[in-house]
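Listed next: structures, encoded as C-alpha cells.
Across the two complexes that follow, subunit A remains constant while its partner is subunit B and subsequently subunit C.
Up next, the complex of A and B:
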C-alpha cells in the first residue's frame, strides 16, 4: 500500500515536473565573457560611487563593455585576494581590485605574476610622486593611483582666535610650535588640541612620512625603528602632547566623530577624507580652516604627509586588456572625471592635470571660503616618497605596545630597541 | 424538432447510461484527485514536520553554540579586573588613554571566544565610559546608551542574558541589530557597575537558520512578548505577532510538535520551540500553499485528470453507443410493427441479448400466426356447421302447408296434380335432406328450384311465372346447395304484392372463371339499403329452410372468400335484380 502511494506520488511529481517548464539558466560567467569585467571595491559612498562615475565616463569610449562592480568590505577583499592568490587560482578573481596603499606591496611582492604591470600604459609623471612610488615594485608600475590621503591640519579658527591666533600663525609650523600654540589654546578655551585612538598610530605614520621615513628601510623589508630619527621624534612629540594633556583619547570611530563634532578639540590632524565628517556638523560652518600638516622639528621634513589612500590594480586574468583600457581612459587620463569626483563625492585624486580644473579651485564656505581641494592637491605633490613595504600593520602593532611602554615611563631608546628586535624577529 | 425528440426517445437508454457513466467517472476522478491531494499533502506535512523538527534541532544547536560563546565572553568580561576598573571610578585623560589601550588588549582576548561570529562587544560603565570593539553596526553615542531602553531592561534583570532587537531609527540607513546584554554585577555584593552589549547584525544572526529556509518555509525568532527579533523574511522583523505568541502557548500546553493554523490569513504549519536559555521562541512557519503548492502542481494534475476523463467519456460514448444502438434499433423495429400485421419479422442482429430478444419476438410472431390461423379455421368450421345445420332444417310450416295443399288437391280429385306435387316435394326433400354433400351441380339446383316453384305454383296459383336461362356449359358446375332458392322464395312472397302477376327469370352463365347467377323479377321492386343488405324475411312460416337471403351472402363469402358474393339492385315498380357471383367449380 505504501509503495503504491509512493509510486503514485512519484508519477504525479513527474507529471508536475514535466509541465513546470524549463528552468531558468542564468548563471553568471566570470571573466570568461570577453566583453565584461569585474571590479571589487569597498565603501559604497566613496569608492563605489567613484567607479560608477568612471563607468559612466567610459560608456562613451566603449559602450559594449559590461562592468560589474561588486562591493565588499575591505577586510573581505583582503581575505579573498589572499585566499585566491595563495592558492594559485585565478578563478573567481576580479579584473580590477582596489587595494589600500599600505597593503599593496604585500600583495605585489608576494604574487608578482598575478598582477598586470601598467608601466607605459599611463603617464606616471602626471601623478603625484609618492603615490607612484606606493604602487610600484622594482621599477614596474602595477597600480593606477586613485585617491590621495594627503593630510592637513583641520583647525577651529574660533578657538584659535580666543587664544589670539590666526591661521597665518599656523602655516608651515612644526610640531613643537604646534604644541606651544596648543598650550595657549587650552589655557584660553579649555579645549584639548587633538584626539587620538591609542590603539591606532596613523598619527605617527603621518609624522614620519613627512620626514620621508617609514617603519621599514627603503628596501621595504628591513625594520627601521631603533635608529629611525623620525620615529624617535614622533614618539617624543606624542608623549609631549599626552604629558601636557593636550591629547584627548577616543576608543573608536564614533567617539572620534563625536569629539570634534561636539567641539571638544581645537584641531584634527588626519587625511583629507575626514572633510565630509567635519562638514557633517553644519552648525560649525565657517569655524574651520585647513592648514598644512606640521613638520617634524629638528630634521629634514616637509609640511605635507599622507594617511590612507588606495589605488586600482589589474589582475593577470582574462580580460586584463579591457581592464587596463578602462582604467587608463578613466582614472588615468580623464580630467573631467576628476572634476566630477571632487564635486559629486569629494574624492581628491592624485592626477596633477586635474588640479587645473574648476572644481579644484572652488572655495568651500564651510572652511571660510578656503579652496581646500586646491590646497590639498598642492600638498599632495609635496608628500615625500616612501616605500611602504609589506609590513606596515605588523610593525604598527608592535609600536602600539612600545608607545604604551614609553608613555608608561620607559626609556625611549630602549623601547624602540625592543620594538626593533621584536619586529626583526616577527618579520623574518 | 419532432425528429429530435424522437431520437432522444429512441436513445433514452443510451443517454441515461451515458449520463450516469459520465457522472460516475467525473465523481470518481474528482474524488480520487482530491484524495490524492489530501494524502500527498499529509505525506508532505509529515515529511516536513519531521525534517523541520530535525532542522529546528540543528538550529537550536548552532544557536546554542553561539549563545555559549557569548556566555563565555560575558563571564570573561565579568571576571576581568582591568575592565572592571575601567568601568568604575573616574579616570584622567591620560589614564583613559592607557585604559583604552589595555582594554583593547583584554577585549581582543575575550573576543576570541566569539571570533567565529561577526559579533561586536561593547561595554558601558556606570562612570559613563564605554568601549566598543566594533561600533559600526550599532552606532549609538554614550549618552544615548545611558538612557537606552535596552540598558534599562538589562539593569532590571542583571542576572540574565537578554536578547533585544534594535532597529535603525531611519529606514534608509543602518540595519537591524540583535543585541545580547548582561549587566556587570559583582556576584557577592550584587554591585552593578556597567552593562555589556554583544551586537550581531540581524543579517549575520540569520545565518544560523537561513540555509534551512526556503520558499514558504520561514523561520522566526521571537521573544516572549511576541516581538520578532530575527527572520529570514524582512517584513516580519520588529513586528509584534500576537497570533504566534498565542500559538506558542497553545503548543506548549498541548505538548504537540506542530499545529495547523492560520497566520496572516494563510494556512500554515507552525512549529514553535522554546529556547529556555535564550528565553526566546524559535518559530518555523510553513506556508502550506507556498511550500506544498509548488511540489504538487495541482493545475497540471487536474488538467491531466480532465484529459483522462475526456478520453474515458469518448470511449464510453462509442462503447455504450454500440451496445445500446442494437437495442434501440430493435425497439424501433418492434415499435414500427403495425398492430394487425403479424408478418412483420424483425432482423436479428447486434449483441447476444438483442439477438435473443429478436428471435424470441419472431418466434412469438410465428406462434401468434399459427394460433390466429387455427382460430380462423375453427371459426369457419363452426359457421359452416351452423349453416349446414340451418340448411338441413326444413321449415315445418312449409311441410304441413305443402301437405295441406296436396290434401286439398286429392280431395278435389286432382289426382294428376297431386302426384306431380308430391313428386316435386319428394325430389326437393331428397335433394335437401337426403343429399349430404354441401355442393350440388347447377342442374340439380335448377331441378330443386323447379320442384319448389311447382309446389308454390300449385299452392298459390300460376300468376308468377318462372323462366330458366341456363348456359349449358354451366350445368355441371358445382354450387352450394339451396343458393338460389331463397331469392326465388323472396321474389314469390314479396316481389308481387302489388302487381297481380309477373315473371321471374333465372339466368346462369359463366364469365371467365366466375359463375354468375341472376334472379330477375319484374315485380314491385324495393328500397335497397346502402350497404346492400337484404331485407329480413318476416313471414317465417313461408320459408322453406333455415337459410334466408341474408345467409346466402355470408355463406358464399365463407366458402369462397371476399371476392364473391351477392349484390342486389332494385327499382321500385320495375323489379329487382339479384346477382350472385361464384367461382366456376367443376367435378
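Up next, the complex of A and C:
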C-alpha cells in the first residue's frame, strides 16, 4: 500500500517536471517564430514611444512582421543580457536591444559573436561621428545610433538678470568664467549654481569629453587618469564649485528634479534628455534658456559634450535579418520618423539629414522661443569622439572615491595616481 | 540485574522483526528524501562547485581563463574590496551591539507581568521585521533626504541649523544605514530574547528579591547570564546577516558616497552587473564571504558547544 503511494507520488512529481519542461519548450519555439521580432528597451515615455513610432512607420514597408516591444528598466536589461549571454544560450534573448553607449563596448567585447555586425547596412556618414565611434568595435559597426546625449547648460534667465547678466554673457564660456558668474548670481539671488549627485560623475564625463579625453586612452583599455590633463582640470573645477558653496548635492533622481523644478539652482548642466523634466514645471515657462556647454579652461576643448544616449543593437539569434531590416528602414534612414520623434517625444536623433527638417527648427515657447532642438543638433556634431572603452563605470567608481579624498583635502596628484594604480589593477 | 536481562530477552525477537521493516521503511524514507536530495544537489551543490571553479577564472563576460590563485591574491590588494570589508566590520562593531542591547532591553520591558497592552507593543516592535527590505529602504531614503522629514524635524526643534547630509556625507551615510538596519532587525532579535525570558523560572527572581537584589542587579546577575546562549546566537546570526547586507545599502545610498557604505554583497553585484562583467572575480569575492561565514559559524558552534553539551 505504502509502496503504491510512493510510486504514485514519484510519478506525479516526475510528470509535473516533464509537463513543465514541455510547456517551456513550446514557449521558446513561439519566440523564434519566423515572422516576429522582440525588442527590449527602457523608459516608456522616451525609448518605448520611439519604437512605437518606428513600428507605425515600418508597417508600410512590411505589415506582416509582428514586433513585440518589452519594457524593462535599464538595470534589468543589463542584468538579463549579462546572465543570458554568459550562459551561452540564445533562448529568451530579444532580436533588438537598446544599450547605453557607455556600456556598449563592454557587451560587444565580452560576448563576441553574439551581436550582429551592421557594417554596410546603413550609411555611417549620415550619423554624427562620436556616436558611430561609440557603437563600433575593430572597424565593424554593431549599433545603429539612436538618441544623442548632447549636453547644454540650462540657465534661469530671471536669476541671471538679477545678477546683471544676459544669456549673451554665457555663450561659449569656459568653466572658470562660469564659476565667476555663479559667485555673482549667488550673491544676488542666494541660489547655488547647480546640483549634483556625489555618487555619479556624469558631470566630470561631460567635462573631459569636451576636451576629447576619456577615462581610458584611445585604445579603450589603458586607464588614463594620473597624467590626464582634462581629468585633473575637471577635478579642480569640481572642487572650486564645492569650496565656493556653488554646488548643491542631491542623492537621487527625484531630488534632482525637485531641486531645479523648485527653483533652488540657477543652472542645470546635463544632457538634452532633461528637457521634458525642465518643462514639467509649467510655471517657469519663459524663465529658462539653453546655452552651449562650458569648455575646459586652459586646454583644447569645445563648447559641446555628451552625457548618456543609447543605440540599437541586433543580437545574433534567428530573426536577425528581419531585425536589421526593421532598424535600417526606420531609425537608419527615415527622415520623417525623426521629425515625429522630435515633435511627439522630444527625442533628438543623431541622423544628420533629419536636422534639416521643419520640426528641428521650431522654437520652444518654454525657452523663450529659442529653437533648442536645432541648437542641440548643431552642438551634437561638434562633440569630440572618444573611445569609451568597456570600463567606464568601473573606473568611475574608483574616481568617485578619489574625488571624495580630494574634496577631503588630499593632494590631487596623489589621489589620481592612486586611482590610476587601482584602475590598472582592476581592468586587465 | 534482573531488569537488564529481561530487556535483552525482549530485544532479540523484535530486532529481526525490525530489520525487515527497517529496510522497507528505510527504502520508502530514502525514496522520499531522494527527490529533495537530488534537487539540492542540482540546485545547491552543483552551483556551489561551479562557483568555486569559476572563482579561479577571470575575464570579461564569456572570455574566461584560468588564472589560478590570482583572484584570491587580488582580494588582498583590491582597495574596493578592503573598503567594503571595512564598512562591514564597522557595521558589525557598532550596529550589532547596539541592536542586541536594544533588543534585550525591550524584551525585558515587554516581559514585565504588569505591563498593559503587551500584545500591541510586541506587534509594534516586531512589525518592521515583516516589511519588505526594499520598501522600507526607499522610505528611509526619503526620511533621511536633505529636505526630508528627519532634517526638518531636527531643524524645527533647533538641534541643528544646517540640514545634515544624511545620504551624501561619508560619515552620516554610515549612520543612516546603521539606523535603518537597527530599526529593521531589532524586533526580530527581540523575539528570541522574549521567548528565552519566558523560559526563565520566575522563582529565581523571587528569590533574588527576597535576598534584596534591586532591578539592576537582577538584570545583570540573573537575566544576562540566563540569556547568554541567546545573546551568542543572535550576535552570530546578526554578524552573518551583516556580511550579507545588500538591499538597504543598494536602495538607500547605492554604496556611496564613493565606497563609504559599500558592502561586500553590493561589490559582488557591481562586479557582475554594473561594470564589464567579471564573473570569475565576483565568484572569488563570494567565496571570501563564504569563508568568513564558515569562520563565524565555527566560532558559534565552539562557543555554544561549551554551554550546551
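Throughout what follows, the second predicted complex is superposed on the first by the 397 of 428 C-alpha atoms of A that agree within 3 Å, B and C clash if a C-alpha of one lies under 4 Å from a C-alpha of the other, contacts with A are read in each partner's own complex, and residues count from 1 in each chain.
Basically, a contact is a pair of C-beta atoms (placed from the backbone, for glycine too) under 8 Å apart; a residue touches a chain by one contact, two chains touch by 3 or more.
What you are looking at is a predicted structure, and each value in this text was computed from that prediction instead of being measured.
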Should A:85 be classified as contacting the first partner (subunit B), the second (subunit C), both, or neither?
second
Can A:198 be said to touch subunit B (first), subunit C (second), both, or neither?
both
Thinking of the overlay built on chain A, is A:242 touched by subunit B (first), by subunit C (second), by both, or by neither?
first
With the two structures laid over each other on chain A, which partner does A:393 touch: subunit B (first), subunit C (second), both, or neither?
second
Which one hits more subunit A residues, subunit B or subunit C?
C
In the overlay, answer first, second, both or neither for which of subunit B and subunit C A:251 touches.
both
Looking at the overlay, what does A:425 touch: subunit B (first), subunit C (second), both, or neither?
second
Please work out whether A:404 is in contact with subunit B alone, subunit C alone, both, or neither, and reply first, second, both or neither.
both
If you stack the two complexes on chain A, which partner ends up touching A:172: first (subunit B), second (subunit C), both, or neither?
neither
In the superposed arrangement, which partner chain does A:119 touch: subunit B (first), subunit C (second), both, or neither?
neither
Name the residues of subunit A shared by its contacts with subunit B and its contacts with subunit C.
13, 197-199, 249-252, 255, 258, 400, 404
Residue numbers of subunit B touching subunit A in their complex, please.
36, 39-40, 43, 93-94, 96-98, 100-104, 130-132, 134-136, 139-142, 295-297, 299-301, 303-304
Please output the residues of subunit C touching subunit A within their complex, sorted ascending.
28, 31-32, 35, 58, 60-63, 74, 77-80, 83, 141, 145-147, 165, 167-168, 170, 253-260, 270, 272-277, 279
For the complex, give me every residue of subunit A touching subunit B.
5, 8-9, 12-13, 15-20, 192, 196-199, 242-243, 245, 247-255, 258, 400, 404, 407-408
What residues of subunit A sit close enough to touch subunit C in their complex?
2-3, 6, 10, 13, 75, 78-79, 82, 85-86, 88, 106-107, 109-112, 197-199, 249-252, 255, 258, 390-391, 393-394, 397-398, 400-401, 403-404, 418, 422, 425-428
